[in-house]
Amino acid sequence: MKDYFPDISTITYEGNNSKNPYSFKYYKADKKIGSKTMHEHLKFALAYWHTLTGKGVDPFGADTMIRPWDNLADPMDKARARVDASFELMQKLGIRYFCLHDRDIAPEAATLKETNRNLDILVELIGKQMKATGIKLLWGTANMFLNSRYLHGAATSCNADVFAYAGAQVKKAMEITKELGGANYVFWGGREGYETLLNTDMDFELDNQARLLRMAIDYAKEIGFTGQFLIEPKPKEPTKHQYDFDVASVMVFLRKYGLDKDFKINIESNHATLAGHTFQHELCLARINNMLGSIDANQGDPLLGWDTDQYPTDVYNATLAMYEVLKNGGLHSGGINFDAKPRRASFEPSDLFLCFIAGMDTYAKGLEAAYKLLNNGELEDFIRERYSSYSSGIGKDIVEGKAGLKELEEYALQHDRIINNSGRQELLETIVNRYIL
Amino acid sequence: MKDYFPDISTITYEGNNSKNPYSFKYYKADKKIGSKTMHEHLKFALAYWHTLTGKGVDPFGADTMIRPWDNLADPMDKARARVDASFELMQKLGIRYFCLHDRDIAPEAATLKETNRNLDILVELIGKQMKATGIKLLWGTANMFLNSRYLHGAATSCNADVFAYAGAQVKKAMEITKELGGANYVFWGGREGYETLLNTDMDFELDNQARLLRMAIDYAKEIGFTGQFLIEPKPKEPTKHQYDFDVASVMVFLRKYGLDKDFKINIESNHATLAGHTFQHELCLARINNMLGSIDANQGDPLLGWDTDQYPTDVYNATLAMYEVLKNGGLHSGGINFDAKPRRASFEPSDLFLCFIAGMDTYAKGLEAAYKLLNNGELEDFIRERYSSYSSGIGKDIVEGKAGLKELEEYALQHDRIINNSGRQELLETIVNRYIL
Amino acid sequence: MKDYFPDISTITYEGNNSKNPYSFKYYKADKKIGSKTMHEHLKFALAYWHTLTGKGVDPFGADTMIRPWDNLADPMDKARARVDASFELMQKLGIRYFCLHDRDIAPEAATLKETNRNLDILVELIGKQMKATGIKLLWGTANMFLNSRYLHGAATSCNADVFAYAGAQVKKAMEITKELGGANYVFWGGREGYETLLNTDMDFELDNQARLLRMAIDYAKEIGFTGQFLIEPKPKEPTKHQYDFDVASVMVFLRKYGLDKDFKINIESNHATLAGHTFQHELCLARINNMLGSIDANQGDPLLGWDTDQYPTDVYNATLAMYEVLKNGGLHSGGINFDAKPRRASFEPSDLFLCFIAGMDTYAKGLEAAYKLLNNGELEDFIRERYSSYSSGIGKDIVEGKAGLKELEEYALQHDRIINNSGRQELLETIVNRYIL
Amino acid sequence: MKDYFPDISTITYEGNNSKNPYSFKYYKADKKIGSKTMHEHLKFALAYWHTLTGKGVDPFGADTMIRPWDNLADPMDKARARVDASFELMQKLGIRYFCLHDRDIAPEAATLKETNRNLDILVELIGKQMKATGIKLLWGTANMFLNSRYLHGAATSCNADVFAYAGAQVKKAMEITKELGGANYVFWGGREGYETLLNTDMDFELDNQARLLRMAIDYAKEIGFTGQFLIEPKPKEPTKHQYDFDVASVMVFLRKYGLDKDFKINIESNHATLAGHTFQHELCLARINNMLGSIDANQGDPLLGWDTDQYPTDVYNATLAMYEVLKNGGLHSGGINFDAKPRRASFEPSDLFLCFIAGMDTYAKGLEAAYKLLNNGELEDFIRERYSSYSSGIGKDIVEGKAGLKELEEYALQHDRIINNSGRQELLETIVNRYIL
């Protein structure tokens, strides 16, 4: 097997004082944080697309990424080389999971039949590497947005042939996910939305989106795929308006069509902020509805209006995310997938390592801070005290359904001089700082 | 009764060529648009708060509005004068509905008991004017955001005494809405949200929000209030994050707590855009879920990040809104409430008339354009044709549930060279222009 | 010469009642608006890049555009075919100007020398077509953003070899602009900015940006190129922060380096809104500083945070833009370039016609409305009256420099009860509606 | 003198391990950072308005702040009490500077003459406290936005009487700033902008804005005020568009009117982000133009579109800000003014202390991190190396003006295979993390 990163050896933990860029400053895989090790808490995954096939294009610029495997001319040779490169990367970084779309691993051919044959070849190869290394598939999915056939949508296309093609692609992608022991299967509806309402039947399109998901559930049962289904929300980009706008939109869609028992949500940081929410908000909303499934870890630029998919380096964001994850009792079948790409100007192969180190250290530090914060209970105690008026008296009656509007009025007429306490936001922010800095 | 606008007489239709600012250019109340008159289609309502009590403050500026009734020193005298002024305004403008919060019409007093007594006095006065003029109450609501007691929320306050007070206020507001024959009762949760998740138990707060709504439903049954309950979404402002973020958030909340049969949604244009949606999107999403209840008509500034509540003058926005309303078969118990305020620098009493004329003409023109557009069917025909592949063959099988992933794959393997048709967005936009210009 | 759009004949004016999509509803080239014809006022230009080479990619999707000339395999054959197609388009649409980057018309070759040779071949071909048709070059420019060599900037690259290459490209692009009789030469600094300040010497980069412009001015003198130099601002995208953020940023840059006499500004609608300004604001700011040079006509989506470059269909925006153009006494050497692309789903060749028709009609209608609005003087009269206090008394003293703070204090102590008049924004908006609808 | 915060004693440094909320975790006033102490580097200032007169209103909510001095009925008594409270606060917090508007310290009376008399009384009182405590005035300014007379602007009002009144106010505010030994005088043009271009003569308004500034310069000379003049940019809010949009807008305005030698810029973090820039960008742009005068320290919420003026708690932002300040050689006559207000729900008097502690600790930590970062040179060395190609060869020729386009072309023809190096953004972000965490 060719060595694609010959100058870089296995990355190890050296601590915060090390100036060696090729070392972890905070991530120590086997360090115990509570009853679990860091790597058990974090379950980092490599995103096959950005890492292996991303080229560094932007809306005004051509490829920049230098990737040794891209020198190969034959698409299948290239695909095979990427497998080797990806496992080398994961092993050197100590990453134990990866995620993939069908089209990431094998090139589309002239016919669907051949395309599927390509897939089979690569799946076999990947399966061997997985066996050899112990690396696992966190989730699989089908790419139903890149090809021009999906320009009006996949399940929500106005063209029934496109729906059929999408169905065929989902079927195969589920099969290979099962084949590779994938723990989850994700739907991201990048083309499930509209460009303009002037030509769109939203009602019909949403029905169709539900139809495809139902078929997927049925087929999973048929083939015995027991992984968790996940939906990944994003409000816009590529389409002007995507149906899976945010966690709330996904939940109402699932409830409407009776699909909410079959799905959880895969939440991406940058998608949350594009929807006008903090990452923590989306994680929390999913958590309290028992819908938090997995995380796509990255960060956006708050001053840019598109999905920048940057490697996460903001420890505040990572700490608050891990706080929600810990309160969720972990991510269960999910993990932390770096759905991030090196900046277009970070185009050297070595940048791939620097990027993952950046992201892994950021989440490791976030985990440590979040764990201590939760364990010491400074926030939780404050919150418990803050809502304590609901533990007795009229508050208890409200919670237990013993009071109606008449009882409330009666009470309020006698208690209309209300005393509130400060919300202490600034103090709480400094407490978070104490755990991070 | 004092005449507050002695220089302005009843506003009449003079057509688009008139340069008289105090005339309608497009709104002709009794003009038939299809089977209904303009005023039946539009059911314009005056928002009591902005119109009668709004003062023109902004975050950096004091009152500017010159309102003759504000010269009165005694709060109750002022409140009575506002009633007269409001009915004079509505009669001169030909507006047949109005909307109010409890605190708009009567001042808060030292105790809740006295406050309620103030309310009763004003309700009686308003009732008389309604009887005399035939003007109706579109909806009533309780102001549970202005007073400092609500700084942590109303139903979602961490303080049970505040919940109780809110309940008492809702009870009374429902009673006066019933008393005045109000067709709807609205909940806008301006304080139902959070400033920071660091001190917030979102799960508990949402439960409490549902508790208050359930109590309201129960009490409505008890007193025989049969008006429609409405929730008005807004994503943020005043709080950092409001639970009723948008139509989707409201729907998922209602479904979760089993309240979706009891509520419809009151959609405001400026709130839609603050949430990252077009007004049409929110109307359409509510419509296809049979949740479109009423409209708060205004417009925001797309380059400003706060709720500017401007009088609507953009005919594109009004046309697309009326298109959805017409497809909804009208607004039923709802109407078009101008939740808008004169610009701070439009501070003269006469500006109130110019503002309403602007808004009413804009929606009248929008109604006319939308009606023709819908009736001529240029968009509808295009859409019907666009989705026609679902009327037969594999498309029909998908819709009828006769195809699963295996059937789709089988089909797709034989139909993998897909032909799509142009979405024609630019053409469709010029068609809309033809109906507006 | 091959006919690339055989099914579409010359587009003619048929008026607003025509349902023929392939006709103008408002644009009548020879109609007199004041002393000039519509086509003289508007000077529409075709943007070679979007129209001839745009493929319909987006950040998540591959090519969609069906372009007959793209079937040709050889890049130079394709380039030649595009020339024919472009002139066919312009002639059938009655467009008399076009704009180009060097790389739009001829493919980049293995060496700069060969690339320049390719350019010469195409320039000759284009020159012949121009002569044959009378169609003119509105402006030329160099594409210094697409190639990966520009990933750190062109004139502002940290790599001096890149600066040199950019200089060479500007030299050649100026030469071909001169050769083709181009009326203007544009600089758009899509890579002149930064991704992160952590690796950037902004001071040095701005100096270098000025150095390149000075070299261009010197070389223009040397070769006798007398066209107008233009800078086109854009705040971000592709880079995180571009130095030519908006009109103000461009002006301060030019003044700092003594370049303000040599440049005017090319203002794009979508770039204005991305910078947080209305299009009219940017046009007005440039106009009052005698810096308004030319227009890139398009529109963005106010809810999307990236450059959507849509064909303009919003008549409000076009009317206010033309209002500024008319107040500027026209655009002089500039024109109205449709820097717009068909939506990705408007991928058929016929959509190109429908798009230009949409844009041309929108600006024709905007011109008509703006001309009447300005000519009737309703806004201008209001404004004149509004500032009339500066024509006499203390106002006149202020304007003429006769009053200082002491005189103002003396006056104010005696005139501290100030009367203001309403700004009448809502009325003025309805007046604009009267001219548009 | 009454003690307004009897339960809180002088705040001292206790270090990061202390859980005492009323202690500094990072700010140790006399700790040496390089050659200066922390307090010399930071020169923290209290903003009189938010701290002493802010009431906690928001667009939908009434006063919340509990302020002991607000119980006093007489406005002048209240004003005197605020002086005592402010000095108590500053002394207990170890804050050595403050900033004020004229109207913060003394109430507006029935006439300008009386208002000025009120001011004189308070200035005398403040002067005595300053003498007694050694606390200094960082800057003074005039509030020309709150009163309704300024609804159309101050210097840019359409009403000459308003201009005169503004002039009188500036005169007096400069006098009291001089009287109190103020080091700077600030202009923030919150009303200098427009609501709609439909009623605005932007050209004339900008001329008038310059006229007022010139009068101020002249008057400063006349009375011997030698403090630094500062302009504070803000893009919008309260007006739709403010002329002093950002640093670039201010600079081009000053240059146009020949005022750039007389002014520097006071940059606020939250204003920077509202304008679409990072705080660091604005600081850097001002620094490289020798225009960085002073800082208004706070933070906004990246997901909210208005000025939230939060106390700074994000150490990233503070570190990058202090990095620019250190590269500027400090702020000279300027300082770090907390233009921040407690959240509306942080309404207790004690929150004022917790807020300042939060802000001071954040900037102290930022100073330490920035100092080490700059001193160790990790970023500076990277940047120096990155631009090294300009130190010799063609790069040197470019910088020294020895190369023109012809020389560049000649060079490029022979050097057209360009090698770039990675920009290493992710690595640089982890380096910053190493200094912060």
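Lettered A, B, C and D in written order, each chain numbered from 1.
The rule is short, and it goes like this: contacts are C-beta pairs under 8 Å (C-beta built on N, C-alpha and C of every residue); 3 or more make two chains touch, one makes a residue touch a chain.
Computed from a predicted model, the values in this text were never measured in an experiment.
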Key: Over-half contact-pair match to C-D, picked out of the listed pairs B-D, B-C or A-B   = A-B
Request  = Decide which interface, A-C or A-B, involves more C-beta pairs in contact, and give its chain pair.
outcome  = A-B
Task = Compute the distance, rounded to whole Å, between the mean C-alpha positions of chain A and chain C.
result = 40
Message = With centres defined as the mean C-alpha position, give me the chain A-chain B separation in Å.
response = 36
Task = Enumerate the residues of chain C that touch no fewer than two other chains.
result = 148, 151-152, 195-196, 236, 276-278, 303, 343, 345, 347, 420-421, 423-425, 429
Inquiry  = For the complex, give me every residue of chain D touching chain B.
reply    = 56, 58-64, 145-148, 150-152, 190-191, 195-196, 236-238, 240, 274, 301, 303-307, 343-345, 347
Inquiry  = Quick check: in the complex, which residue numbers of chain A touch chain B?
reply    = 111-113, 148-149, 151-152, 157-172, 174, 195-204, 206-208, 211, 215-216, 218-219, 235-236, 241, 245-246, 248-249, 251-252, 255-256, 275-278, 280-281, 284-285, 288-289, 320, 379, 382-383, 386-387, 389-390, 393-395, 398-399, 401, 403-406, 408-409, 411-413, 415-416, 418-421, 423-425, 428-429, 432
Task = Going by the contact rule at the top, pick out the chain D residues touching chain A in the complex.
result = 16, 19, 21, 25-26, 273, 276-278, 302-303, 310-311, 313-316, 342-343, 345-348, 350-351, 354-355, 357-358, 361-362, 365, 378, 420-427, 429-430, 433-434, 436-437
